[in-house]
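Here come two complexes built around chain A, the first alongside chain B, the second alongside chain C.
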Partner chain A sequence: MVFSQGHWWWASLLCLVWLGQAQAGVAITDESYNEDLRFTQLPDGKVLSEFKFIRRIGPLALAKVRDNHYSLLPRSVGEIVQTFGVEELHLTFTQGTWNHQKWGYSPLGAAAGVQLWSWFNTSSVDKQWKGLTHALAGLFCASLNQIDQSNTAQPLLSFLPEGDYGEELPQDVLELRYGSLPHEAVCTENLTPWTKLLPCQTQAGIASLFNAYRLFDGHYHSMGTHIRPIITDDAGRGMEFVQTLSVVLNPLRLDNRKDWSLSSLFERKIASACALASDTKVVVTVPSHPASTLNSPPLSVLTDSHERLSAHYNLDLSTPKDTDFGVTWEDSKVDHGVNRSRWYIDAHRYQTGYGGERGGLAVDLRNHHPTADLDIIYFEAIPWYLKLYLHTLRAETAADASHEIIKDMYYQPAIDRGRPAVLEMKMTLPANSTTTLHLEFDKAYIKYTEHPPDANRGFDIGAAVITFTAIPESPPSPHDIPPQVRIHTETVLVSLPTPDFSMPYNVITLTCTLMALYFGSVFNMLTRQYQPVIVKG
Partner chain B sequence: MPSLCRLSTRLILLFSAALFFHQLDSATCSSAHADNSHDPVLSPADFTNSNNVSLALWSPEPAVNDAAIEGFFSQSGHTNNWAVLVCTSRFWFNYRHIANTLSIYHTVKRLGIPDSNIILMLSDDVACNARNHFPATVYNNAGRFLDLYGRNIEVDYRGYEVTVENFIRLLTGRHDPAVPRSKRLLTDDRSNILVYMTGHGGDEFLKFQDAEEISSYDIADAFGQMHEKKRYHELFFMIDTCQAASMYKQIYSPNILAAASALTGQNSYSHHLDPEIGVAVIDRFTYYNLETLEKLKSGDESTLSQLFGSYNRYAIASTPGIRTDLYPRGTGAALVTDFFGGVQNVQLTDTGYRLSPSLSSSPASRRLQLSKSGKSSPHNDKQLEAPPPEHRGRSRKSTAPRVHKDGRPALGPFLGGIAVFVGLAWVGVGGLKGKKESVNSGNSNPTRATGSR
Partner chain C sequence: MSLMFSSPETLTRQFEKNRRRVILSVVAVFLLAAPVWWVTTEVYRAPLPIADIRAWTKPQALRQKLAIDIDLHFSGLPEGQTSTDIAQDVNKQLAVIYQSAEEGHVHVDTTKEQASAGIVGEEIVVPNPDVRLSFNVQAAHNATGPPSENGRYSIHVSCQSSSAIPRIHVDAGRSVVIGLPHCNEDVVQTLVGTIAGLFADEQAAYRSILNPSNPTVNTDWDNMRTMKYARKYQLTLSLLVANPSDMIVGWDIKDAIDAYIHPFLDALNDISIFSVHSQVQNYATLPITPEATNKDGSDIHIIQPHVLPQFINSAQWNLASVVTMAPPINFILYIPSQSQKPLHLVKANGDILSTNAFLMPRWGGIVIANPEANSSTYHYDVQELLPFMEIFISQLRDLLGVKTIRIPNAHLILPGVKITYSQAPMTGITLWEHDRLVRWRTIQNIADAAITLNSLATLIERLESMVVLDIIQTQVLQALGSLQSAHTSLQSSSNHTQSSLHARAAITASESAFFDPTMVAMLYFPDEHKYAVYMPLFVPISVPVLIAVLREIKRWKQGRKKKEHAKKE
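And then the complex of A and B:
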């Protein structure tokens, strides 16, 4: 096709360039977008990849958002935040259980399935919460709308606001809602809409590594969406929108060697830096021995106190295309041992008892610290169909506990089909000991329509959350362990007494047979005339 | 009372006039519809600089505009396509049902129906199932040529959400207000809908997740309600299950075509097994449909009778059932892409669309100014909110091509508004007059009887 009016195109091109500059101008002053990618090779050879996409929206841009003018913040997200009065939102989609004992703590660690908690600054929070779960269900192709009142909790201590609220005391004004779906599948249909929120989608930047075939073939993967308020320099309230993805992949599965590169892990390379990102950082962290070689020369290499090397890279538009990172090892030996020198607390939850009538939950909370007693907050939301007996709650420890283990407790009894039982406890774990919590429950005999289609599979009970605020001997680099750590226990699968679903049909058949027999014989008797038959003969 | 009579007479007259204009309007539509191979009638003076369709689409003349839209977006009277694809089976061994559904999903997406117009219901997650040897994939062939899950998939209802209730709610549009748009079937009377279902069924029922059933009466009534609510233009109901033909037996609403994998009393069979996945990967009926569908390109002219003609009951191992008695257009005239493809017609123009002074001072823009300045009459406000009732039946919603909707001068409603306004004024004056003249016109009106009834 020949364009007769060439100058039109030039004009529009110029116009576009000018618009682009205007946009960039806004981005520099008030909005920013950064990408951050960290690879950590764990002692057992697995590679943890943590992707972070950070958007900081300043007060000016946020004011424009209120007028429905969006630039860096995706409109779908902005509308949800505005419509439902969301101040803070944390949503994670996770498959697999984070192995605290071997892998340590990760800020991106999350409970299996879907976990959603949100702080609202609005009246009629329950209505907004319902709207929020439905809207997010539509946005992320998940069954989030199944988080209803019966599995929504309001913890007091475990999920404090993480945003920067300035002088305000947010908890007086804000309200929290927490819900989880432990059995929610996470797959490509969740990743697709999530990556569509990224400024460069998967075309450029670190997101070009997203290969669903590899991400969902890992030992653990978690996809997070976090919104929180921030205070920017010009003293206005802004918003931070962070998307995170962490995945644990195992290079040893391929050829039994610890060596890895992006192309071996993801079958992809980083196509190029995302042009919208002002800063793209890549950090590769590996144990400092045995000796290893980095596949590409880093900007700088740092050694931390835990005998780890961190190689830092920066990506920008001048970086050659198809960048690959990786590590080659001289010795492929891996260490499957458990490191107790840094990660003192771990937890393990399991079911006790037998039979279909009652059961129990037990949690082993271990403090591996040799000398210090550690404070934790334990949170659990148990669905109403497990009827807890609080008087059976007891904490046992092998250590000589001269003081009480449970310092403070908040317990909200469940309401059938209305709300879950919420148990939140401040505890002190004695040094170098295992504390076991026991709790007994009756299993409810629920209506037969309340069973899921795969009733005999059982019901998933969401992970318990253990929060600890301070850790003695905090490591020197503040990034390694955040000030507040949250670890999650396993989910528990409880089978409830399952009715015989074909029973109604049996009843109908049996009743019909009886009716037929009764009716037939009565009808027969009523209509038949009995009279002597005289046989002549 | 007589004044009331007179009032009603005048109202009737007014409406019949409106109806007449409307029929005139639709007559031009159908004439354009008949010879849609040519460019539609072009606009008068304002559009002399160009003779192409896209400008006619923008024409302020309702007749030209209607005609252009009729030929431009579709040839069978629909302006948008929707697909409802349902897999009702849970559990890993029903992998093939998910593969069936995703195969159709892949086809309709390839032929141009966007994700926003596809409602995909999958009862289980086989792609990321721990049993799946190939994570995040679903294949419909042991050769594993094509990953149906791909990189870009949006599942609207999944897992426990795939229930009979949700399915009926989706069809009839009765949702909780909180339900997001992506989970709604936002169709109108210009929508062609493909409803594809697969799962385990029997005589006049289809099981949902091994826990509940939908009966053929439920489906028929849901379609009936959709017809009453003007939620479809034509509907193609395709079902792959045992005794599938029993499922369309009870349907009674017009413009519904149905195809089923097996007659009542017959089983429907799977096609083949992938030894590495370990289960059957596709059903026969869907497999042989795909043989045809996979070869189509968007804009293909194959008809549905050609598709139905390709069914071989020996290969399928059951006799496919086809119901056409509710479908007056005939399968020979209906294209496969009328249901499996999206209406997507984009015409590029090398001449710009210039706002000429005559257009910018057109009544439509004046109306906008009026309404903005707040001086508009209440009638005009009403016009802004909703089209007049006689136009509602012809609401045009395009799916893919977004021709600047705001920019289109909407002259029709405006003229209608003026007509209604003038008419009401006339009626009002007549009413007043009637009151004044009153009384002796005692002859009762035939319409009065109906009015008072």
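And then the complex of A and C:
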């Protein structure tokens, strides 16, 4: 080899390097990784598991990322953020609908299907948005590339930046894009690439519980990928990369008992703590009831004003491998679960209208607060093939009619195959009342190539998003609640007039036959002679 | 009125005239409409210069000449010898060796005796008649600095060297220094041997480009390692840690890359550009299980050479990039888990490989490191990374096709001469190696562009209902133009930099034409579909028309017969 002989130039290099090292000193790492797992037993006995994988990348590490040197942040994510000028990114894959009435509020609740919104810090946003959706489609094996201009919206109020931007007002320099795919089926093929982004993959830490058979067997499953800028302690710009997964599993289904443990929910136990995590927390929240017993002694137990008991555990490398967190109920009939904090607002959306041409949407917005009127923001992006009639929009309320419900409205009409109709409204919901929004539309007759392969199933209309500022309960909940709370309605399945797909050929055949008949008779008339036959008798 | 009174015979006659007109006009409309129908249903196919493309596949089209200019500088040349004469003699002999190569193997004269002694097949062979180096050796009188362009070299001959044995020193900067105790007739032989030897491997390498199927070419293995040419590569250095709960490993990779890798890549930036990424991945498990064994009293784990192809766990290791289309080159520093330490690669005979590294052809390189486990963390600083970077660079040289310049069989060609080579400077690549790589990539790109265009032409000719857009035509014309310019600039001048640019443009344009998304789309209407759609119209219409035409012809024939009969009678 050439290099075994050429010591002198390496030696000169070493000098350079040594100088460089004196500057850099010992390798400083300003990255941190935490894992957080919360179990909550819901009032109907189901168990909600919320996994959070939080990576905080400090300014030094972020500078290295800009030079394409990755350590804790996965390269694929870093490349996407840099290539497409993404400042903030929120992507969720959800199966099932979060049941607000029964389960209360979850910060990890998301619209069914795929929901993606992102703040860009770049000039050519539309091009970068297209690139982003295509890159994410490749990364997560999803059909995100189908988010194109015709189902991309730019909400004004509903999706404010969630990152820490310091002094500057991010809305002035950044641009937002929002897209959703309500019909996307979330499955193992999306989970696998998502888990590959975790520092310990599924080999250690709380992610070792991921058993795809069990995760996708639940009532609700949502996995999220969130990137946002943060300001670190030393006032430098950093980045936070959070992966979340929440799943609602039902222990009652198997043996009709409310007992649950890791092994009964996931058929797995936590193999060991992830060596890279500086902190691994497990919190079990159960109702404070004498019939319940925690399976393993916690580090600390807190009881809050709602009679909820949360047991805190810390996992590290010394934690025994067979720790099986869970709750045993002495009396299986006990009808207690945790009433999670309600945010007083829930929403329910359904379809009205009849026939293949006219349709309509109705949304019930309920304010359960006994005394206070609550302000909300209602956002809806409706695909262009539903032709909205804005004059049919009306808000009905059972409360005092003197209330003005819609305070402000932003409406962007759709362009065929170009963009969706976007409706965003500031509303005030009167205390303890139900407000119903009505909106009518015509169903467009779309081109036969625009129908999906399962054309007769219908088209999913993405969830409406209701955003509001939470009124803190007293005392303020210990959960880290974002300033804006978002709940999502159901998706709606609309069936459009569906053609008979063999029709083009039928039409051709029928027309051709008519033409042939017509031509044949005219031709015969012209080329045959009709003359009287003289019969000689 | 007249009609009413005309006799049935007149009516019939008139009707027959009309019928003939009707049938004729219907047939005329059909005939006139057919081309319109044909044109309106035709798929768009931009015309391509197929003949020009095919011409590039003929062997004589690819016949290239690579001009090498060599300046000779003499100091202390004895009386009676002029540098111009020597240059002429050298030129003549080199021409014999390199240009009369049509017959195949030509040996350097000085080695004849030894060659007959049974080392046939190891001498310099100049086998390729298609791409030929052509030398222009001339005496230079004024001393100038080292040549600054690819294809121009200088040789300094000192005739009063202080040492007793002749010495040849190949500099890193396009020059050779030859020190001889005295200059007699041997000086020509020494010069010829030096020049012919320095370029012999290069000449042999061209053969395998143009005759890839030739089994006698021994450089095939080298070419199989070398990455296909691309304007941009993505280099990824990955630190894979099998089990971070044993030991969390970090590295100062940014500084190491800046110090060791970037100088090398910068030296190559006129050929390709590189974007360098690095990443750390934990819990990277091997898809193979190393064998536990005992060697010299210590327990070690070994990996046999035959399982190395399965070393890469491509399902688990995130090595691909989602945003770039540039071909990736991967380098992996693998830290095995405590239970598999120390992990060593072994040769086929069971000896431990000292570098503990191996190269995956056209993929990248892998090094296994077994750091001492004293604490739960381990950090590689820049100095510790140096040996790995050395290995990566030598693997990178192989992957990119950088060949070390050596005079083969020097003891036969230049017996008794001490030959030394300058080491690569900080860049890790000498100018000799760089120049050779540029020339080699030029020839290869020309050949590849010709092959790509030819495949494109074949594809388009085969699939007759495939749409060919104007953009394809433009790219093909561009590629052909660049091929032609590359060829001309090689033939007419020794400006290798210019021709390498043309060759690069040719390969880029031809590949973008071949891989254009519109070429891949198979969404077209095949003729069978077209006929199926029109069948319900054409068949019912054409049958009565055809029958009427046939009848009319029959009637017309009968009418003529009758007339003839009438005439005869």
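In this text, the second predicted complex is superposed on the first by the 459 of 537 C-alpha atoms of A that agree within 3 Å, B and C clash if a C-alpha of one lies under 4 Å from a C-alpha of the other, contacts with A are read in each partner's own complex, and residues count from 1 in each chain.
Simple rule for what comes next: a contact is a pair of C-beta atoms (placed from the backbone, for glycine too) under 8 Å apart; a residue touches a chain by one contact, two chains touch by 3 or more.
Please read these numbers as outputs of a predicted model, since none were measured by experiment.
*Asks:* Would you check which partner chain A:Asp67 touches, where first means chain B only, second means chain C only, and both and neither mean what they say?
*Replies:* Second partner only.
*Asks:* Looking at A:Phe523 after the superposition, I want to know if it touches chain B, chain C, both of them or none. Which is it: first, second, both, neither?
*Replies:* In the superposed model, A:Phe523 contacts chain C only, not chain B.
*Asks:* After lining up the shared chain so the two structures overlap, which partner does A:Cys200 touch, if you call chain B first and chain C second: first, second, both or neither?
*Replies:* Only chain C; A:Cys200 stays clear of chain B.
*Asks:* So in the superposed three-chain picture, is A:Tyr350 touching just chain B, just chain C, both, or none of them (first/second/both/neither)?
*Replies:* Touch partners of A:Tyr350: none, neither chain B nor chain C.
*Asks:* May I ask you to decide whether A:Tyr411 touches chain B, chain C, both, or neither, giving the answer as first, second, both or neither?
*Replies:* neither
*Asks:* In the overlay, answer first, second, both or neither for which of chain B and chain C A:Thr188 touches.
*Replies:* In the superposition, A:Thr188 touches chain B alone.
*Asks:* Thinking of the overlay built on chain A, is A:Gly138 touched by chain B (first), by chain C (second), by both, or by neither?
*Replies:* Both partners, chain B and chain C.
*Asks:* Go through chain A and flag every residue that touches chain B in one model and chain C in the other.
*Replies:* Shared contact residues on chain A: 1-3, 5, 8, 131, 135, 138-139.
*Asks:* Using the touch rule from the top, collect the residues of chain C that touch chain A in their complex.
*Replies:* Within the complex, chain C contacts chain A at residues 8, 11-12, 15-16, 18-19, 22-23, 26, 236, 243-245, 248, 250, 252-260, 275-280, 282-283, 285, 316, 318, 321-324, 379, 381-383, 386, 390, 393-394, 404, 423-426, 428, 533-534, 536-537, 539-541, 544-545, 548.
*Asks:* What part of chain A is in contact with chain C in the complex they form?
*Replies:* Touching chain C: residues 1-3, 5-6, 8-10, 12-14, 16-18, 20-21, 24, 26-27, 29, 64, 67-72, 74-76, 79-80, 83-84, 131, 135, 138-139, 196-197, 199-201, 203-204, 272, 275-276, 317, 505, 508-509, 511-513, 515-517, 519-520, 523-524, 526-527, 529, 531 of chain A.
*Asks:* Mind pulling up the chain A residues that touch chain B in the complex?
*Replies:* Contact set of chain A toward chain B: 1-5, 8, 95, 130-131, 134-135, 137-139, 141-143, 145-146, 184-189, 192-193, 202, 212-213, 215-217, 451-455, 501.
*Asks:* In their shared complex, at which residues does chain B touch chain A?
*Replies:* Those in contact with chain A are residues 90-91, 123, 125, 127-128, 134-137, 149-156, 158-161, 176, 178-183, 208-212, 348, 350-352.
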